[in-house]
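Just below sit the structures, each encoded as structure tokens.
The following pair of complexes shares a single chain, chain A, combined with chain B in the former and chain C in the latter.
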Partner chain A sequence: MMATIDSALLFALTGCVLIGLGLYGFIVHAHLLRRILAFNVIGSGIFLLFGALGYLGAGQGTDPVPQALIITGIVVALSLTAFAIALVIKLAEEEKTAVLDAAKTAEDLHE
Partner chain B sequence: MTGVIVSAFPAIELSIALPLVALLTAILIGGKLAPRLILAVGPLMMALTGIVAWQVAEGDPTRVELGGWEAPLGIALFADGLSSSFLLLTAIIMSAVGIVAMAGFDARDGETSRSYSFWALFYGMWAALNGVFLGADFFNLYVAIELLTITAVGMVALGGTRAAIRYLLFALAGSLAYLTGVVLLYAEAGTLDMSLLAANEGDASVRLVAGGLMTAGLLAKTALFPLHAWLPPAHGGAPAPASAMLSALVVKASFFIIVRLWFDVMPEAAGPVLVQLIGILGGTAILYGSLLALRQARLKMIIAYSTVAQLGYLFLIFPLSGGIAGEMPWAAGAWSGGMFHALAHGLAKAAAFLAAGLIIEALGHDRIDDMKGIARAMPVTVFAFGIAAISLMGLPPSGGFMAKYLMLTAALAGGHVVIALVMMAGGLLAAAYLFRPVNRAFSGSDIPEVAYVAYWRQWVPLILALLAMLLGVVSAGPYEFIQIGRAVTAEVGIE
Partner chain C sequence: MNAALLLDAGLCLLILTAAVLAMTGRDLFGAIAFFIVYGILIALAWVRLEAVDVALAEAAIGAGLTGVLLIGAWSLLRRAGVSEAHELSHWGLRLVAGLASAATTVVLAAAVLALPPGREGLAPLVTERLADHGVSNPVTGVLLDFRAYDTLMESIVLLVALVAVWALTPASAWGGVPGMRQHARPDGVLAMFGRLLPPIGLVMAVYLVWAGSSQPGGAFQAGTVLAAVWLLVVMAGIYDEPPISSGLLRTALVAGPAVFLAIGIAGLGAGALLAYPDEYAYGLILLIEFTLTFSIGATLALLVAGRARRAA
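Take a look at the complex of A and B:
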């Protein structure tokens, strides 16, 4: 009994950690590909948190609505990611760079 | 008999479905035919949204459960006076933009990826906008606003990749904040349906955090100061027809959700800190955006910074509604003024951007210093810009005047002296930054040589600008209409 409650909590906390890690990555990295990856890490964290919050308790299973919403959310995140990557490729072709702020270009290439 | 048929007509469903059909059709036919699709879709959408407005006026707010599935499982669509006003506004502006863009994004010189993708993005944006204005649950609003983001960023990318990526980064961060708020809200209430959420007060502190996250995300997409940095390069750099849609409609969609969230769904959770904070950001946006608009050298950048400023007014309804102002002779003055501002600004801003686009086509640039005498070469276009400017400044008898008059009287009645002063300063600054290009356009005495711009295209922005004017002249009707289904909090405030 105790163990199952803990595992739902564990999933929720893992989700929160992923959100935090992703947020850190989104802020500190200038390279656009890294930012898109960070966006996906945050998204996964939110979906994990959402799924864990849908747990109704031992013997009651889970609420199906969050699962349906998570699937929709994944589809949205996937299309946004594909679109973002297409834009970054276009920027790289046009300007030979994958960062927006020109001052950060040099340090970013060394990463 | 006809009344029964019209009231049973699925106009709400079709006003989302038709743009999606048009999107697929535009992709399929492409080439020379895709631009002409607007000639059929525009009138149809006007008729459909007109029927929705008629249904709302006849039978109060209208709610549709798609496929018969009820909330919380099903997808509900909901139309009241406010949402059908925005639907009509969208139909008018999109039709106007589509007609002007017919010549700019055609396939005369062979099909390009630019002309091909514009029309797909255009109809996708239309469907997403209507989805936002009709959505009755916060997750479907999420899907609609993401579709809107993708189409809007795609439009910006037609003008420049760098501005598009900057916009996308803000929008992505905004989406994540919004989604996190939605997750918390679901965990607290067990539903995301607006009417079910509104019926149950729930835990105010959880709702404040959830609503705060959702609001922060939406503010990034509305570009309220200090989250505005992406807007001027995106709106100023996109092709002019795209700028018109972005500035007039797209930024209003996320504002619309914020209004629904706090005024209709969970006013009791807001609290004075959030209300004051949003008000302060709105006031700062007015001053900051106006001052930067004064310093721009290009016409489209002036209009873009003007959007940053004018968006600020919308958020003043948070501190202004309620209090003594709620006891004014006209109910809900501040709220109604804010909604009037959204409608009038939409029409005027679309007119201004379309006029600027035609000037660019004629001159090949939009540097204000080199625009001397353009009023004599393109009188109709410059006249349209001038009329739109009158509404943006808030001079009578325009729709912009009605909006600012309602908000200003609410501010003075409620004792919000600082807000009233900021609003007046914003009006003066708007007059200053809009007078500069108009003055330049009339200066000199010779007629500059310009490229040919078809006469009928010049009339489109003028019609939009005149509609913004008309909104002020016959304001009683629209004013009554947006009150249908209005939340009580519009009158008594949300503190």
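Take a look at the complex of A and C:
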């Protein structure tokens, strides 16, 4: 049972919704781990949109060039996630918080 | 509506549900668990799109390693006594965020629907040129040959990310061992898996690189399997992480990108940076893939382990 171009369109649209969902999560959550989660949802939404648009039809699969770029993207997203998590852990250990307090930061800058 | 389309529509619905739960779950650990489920479902979507290379990478890296990283961070935050309180922002901000996100989705969807039908893409060009170089998996061909530049940079990005993580090590722990010492009950399930799975994982990793030249697979997928084997061995308490000052470890980390870069520069003799002479292309690509797999495995495992915490 092969996917069709219609299925690919469905996956591309799902990608669009995922980007919106991730964006929403990224804005409304203050907890940094939740923001990292949201960042990853946005990322995989973009990959799905990109890859599904490169679907050529049953039997031909997805265009290899987008596939290669997406694999590269997945690895780069992991690298960034690992670094972001290391920063969050550092913040948690030194400040006992996982939230960036905008007001507090601005105050510190004024001093 | 045919059965295939119905199946795909169901899968899309599952993906969206998992994503909503990962975004809105009250409990942080639950949100992370749903994110892992979401990653696996996305990998299934890639299988449906006949992009098995991407499916492998998404399942292993997007769901697996990212999940391990997030759970590790969750437990360290807990130990540091950080509040997990699920504070929702002001309703006004949520409303604006909701509208902005919905608008983004609508604009993107409109752009997708407005695309002209009929697509050819770059696939015919890739297939046409692939025959010259002995690698028959088009994705591997693009990654290591036609767009080798991207892959070289990517392997360097991984290394730079690790350097950045290490840079957060306080001076007192520098050169020490990353992560906490793991203990597992010697007769427990984890200890058993820690002994049982590594040989299978190693064979699978070698197969994934070797098969990667003609079938789905390749250096990044195989490297992730290697990293997973190492994580399992450490979690089961069989071996401890190496100290980050170890020369052997650093050689392993740099070997892949260094060999890739050296072969790339040697390609200048054949005409251009990263150009492989036709008669050696297959051998050179395999050499790069194998050393890269080894270095990617080491880099990923250490990225997950985090900065040094204990004296060597």
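Just so it is clear, the second predicted complex is superposed on the first by the 93 of 111 C-alpha atoms of A that agree within 3 Å, B and C clash if a C-alpha of one lies under 4 Å from a C-alpha of the other, contacts with A are read in each partner's own complex, and residues count from 1 in each chain.
In this text, contacts are C-beta pairs under 8 Å (C-beta built on N, C-alpha and C of every residue); 3 or more make two chains touch, one makes a residue touch a chain.
These figures come from a predicted structure and were not determined experimentally.
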First (chain B), second (chain C), both or neither touched by A:Val76: both
Partner chain in contact with A:His31 - chain B first, chain C second, else both or neither: second
Which of chain B and chain C A:Leu49 touches, first, second, both or neither: both
Dominant toucher of chain A (residue count), chain B or chain C: C
First, second, both or neither for A:Leu100, with chain B first and chain C second: first
First (chain B), second (chain C), both or neither touched by A:Phe39: first
Which of chain B and chain C A:Val65 touches, first, second, both or neither: both
On chain A, positions contacted by chain B and by chain C: 19, 49, 53, 63, 65-66, 69, 72, 76, 79-80, 83, 87-88, 90
Chain C-facing residues of chain A, complex: 1-4, 6-25, 27-31, 33-34, 36-38, 40-41, 44, 47-49, 51-56, 58-72, 74-83, 85-90, 92-93, 96-99
Touching residues (chain side chain B, partner chain A) in the complex: 72-73, 139, 142-143, 146, 149-150, 153-154, 157, 161-162, 164-166, 168-169, 172-173, 175-176, 179-180, 183, 186-187, 190
Complex contacts: residues of chain A adjacent to chain B: 19, 26, 32, 35, 39, 42-43, 46, 49-50, 53, 63, 65-66, 69, 72-73, 76, 79-80, 83-84, 87-88, 90-91, 94-95, 100
Of all residues in chain C, those that touch chain A in their complex: 2-5, 7-9, 12, 15-16, 19-20, 22-24, 28, 31-32, 35, 38-39, 42, 45-46, 48-51, 53-54, 57-58, 61-62, 65-66, 69-70, 72-74, 76-77, 80-84, 86-89, 93-94, 97-98, 100-102, 104-105, 108-109, 112-113, 115, 119-123, 126, 138-139, 141-143, 146-147, 150-151, 154, 157-158, 160-162, 164-165, 168, 218, 220, 300, 303-304, 306-307
